[in-house]
Amino acid sequence: MDTAQLMQEAIKARTKAYTPYSHFGVGAALLDAEGHIHHGCNVENAAYGPTNCAERTALFRAVADGHQPGSFQAIAVVGDTEGPISPCGVCRQVLVELCAPDMKVIMGNLKGDIQETTVRDLLPGAFGPSDLKHSDNE
Amino acid sequence: MDTAQLMQEAIKARTKAYTPYSHFGVGAALLDAEGHIHHGCNVENAAYGPTNCAERTALFRAVADGHQPGSFQAIAVVGDTEGPISPCGVCRQVLVELCAPDMKVIMGNLKGDIQETTVRDLLPGAFGPSDLKHSDNE
Amino acid sequence: MDTAQLMQEAIKARTKAYTPYSHFGVGAALLDAEGHIHHGCNVENAAYGPTNCAERTALFRAVADGHQPGSFQAIAVVGDTEGPISPCGVCRQVLVELCAPDMKVIMGNLKGDIQETTVRDLLPGAFGPSDLKHSDNE
Amino acid sequence: MDTAQLMQEAIKARTKAYTPYSHFGVGAALLDAEGHIHHGCNVENAAYGPTNCAERTALFRAVADGHQPGSFQAIAVVGDTEGPISPCGVCRQVLVELCAPDMKVIMGNLKGDIQETTVRDLLPGAFGPSDLKHSDNE
């Protein structure tokens, strides 16, 4: 599956977004090791904090289907932004936890702009599992 | 589908939990209006805050599949707790947002204890969409 | 300090709310064991999820000042709602973690309506520290 | 106030951390425009998701005290990590919201290692307020 196809899946996923507060829908499409796609959209909440983003919806559901962290091939994300949409910090932290550092992240918008990056470049020097384990208290 | 069957699905979902930090796996099974099941498990994060619970994984993925908020029939949740497991406050807030107030919530543990409640009873006098809309600033 | 005074402090705290997205300001005033007040307001985020509520701001800062979980006397919360404002599920979960079950929670609005409840009644059968500890995996 | 002094304040703040689950305490010290210090520590939760980090505690309390987003001078963060501690993605997203892009972020550990970066470099191409505003739906 190429980049353009994965982005098309993200655009489809975006149509399911639940955004009564921001009216800002985002879609994501995650490609697993077997070449299957997992759709995600953002799901908002009146209390804001419990809101979940599209990228995380796709990642969490894939884990719930038994896919191993680190096994994913790529994720595409799309929103109605001026340039390609950028994942928020929470999603970047979840990407670091569940994806390989060099996994491809494809960011786009509805006008067709596309930009590619990697998990590592989205969260340079990320806080991760190894940091927790160093502590004397552990 | 009866309560015992839905709980069995939650137990299956629990086997996929990603819990390297707490080692406390939780599973959820959400029954949609058409009688289909959506599995969820908790997915933890080294940074703790981005951790997602089983109930929310099930709810978010069902929304991403196009199910309408308010249309779900029931959710079962299970963990290795002494009594039936209780949803956390974040999940209760998401249940309030995405489910009917009288939707059934079935809580269980691995020993087979089961307790039933409703979304409304889990979060009495919940903060919800109507509260946000009253504001003069809106 | 009586209920009306604590509510006045919550109203003062509300003036500092950072709410560029919802325009829905909330204030909180936490009374510690020594009778001092800790102000909190909501602080929003473009990504919604990292938004923090007023109650949590007050609780987190009091802990950072060395106050022991369980030692607080009361908290007042206020927003521009039709009836007395209700804490969200995330805040209820944090109240359960950091406050005694019978601690007083005073909810109000700008019209002067006031309602009192307790931490326990806000999150019946709450998931708490003891649930985590039961697990075989711990 | 120099870097070493601000780091000393973060180390003091760390002593207040509430970490019954990870036993991984983090401290933060935020320097405001007037040269005053705001302490923060992490405050954990049995439900993991409502956990708050040290950096956010410091930032939220400073906003609650009336300090304007964008007005802060620097923040220091410290934990018991092998190298200088790195802020999680959630905190980076909050830094982007509340601090100038070139604000200094000082990361350290208990062995005295120190590294400096900026808000901008912690979250390259961050999702921010301007992204939300572009949407046709707004």
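Going by the order they are written in, the chains are A, B, C and D; count residues from 1 in each one.
As a convention for this text, a contact is a pair of C-beta atoms (placed from the backbone, for glycine too) under 8 Å apart; a residue touches a chain by one contact, two chains touch by 3 or more.
Just so it is clear, the structure is predicted and the values come from calculations on it, not from any experiment.
> Answer with same or different: of all residue numbers used at the interface between chain B and chain D, are over half used by both copies?
same
> Counting in whole Å, what is the centre-to-centre distance of chain B and chain C, each centre being its mean C-alpha position?
Computed value for the inter-centroid distance: 23 Å.
> Could you tell me the distance, in whole angstrom, between the mean C-alpha positions of chain B and chain D?
31
> How many angstrom lie between the CA centroids of chain C and chain D, rounded to a whole number?
Once rounded, the distance between the two centres reads 22 Å.
> Check each residue of chain C and list the ones that touch at least two other chains.
Within chain C, the residues that touch at least two other chains are 21-22, 44-47, 49-50, 52, 88-90, 93-94, 127, 131-132.
> Would you identify the shape of the chain contact graph, picking one of line, ring, star, complete or other?
Complete.
> Would you pull the chain B residues touching chain D in the complex into a rising list?
On the chain B side, the touching residues are 21-22, 44-53, 88-90.
> Quick check: in the complex, which residue numbers of chain C touch chain D?
Listed in rising order, the residues are 13, 16, 18, 20-21, 39-41, 43-47, 49-50, 52, 56-61, 63-66, 69, 90, 93-94, 97-98, 127-129, 131-132.
> Quick one: in the complex, what on chain B touches chain C?
Residues 19, 22-25, 79-82, 85-94, 96, 117, 121-127, 130-132, 134-138.
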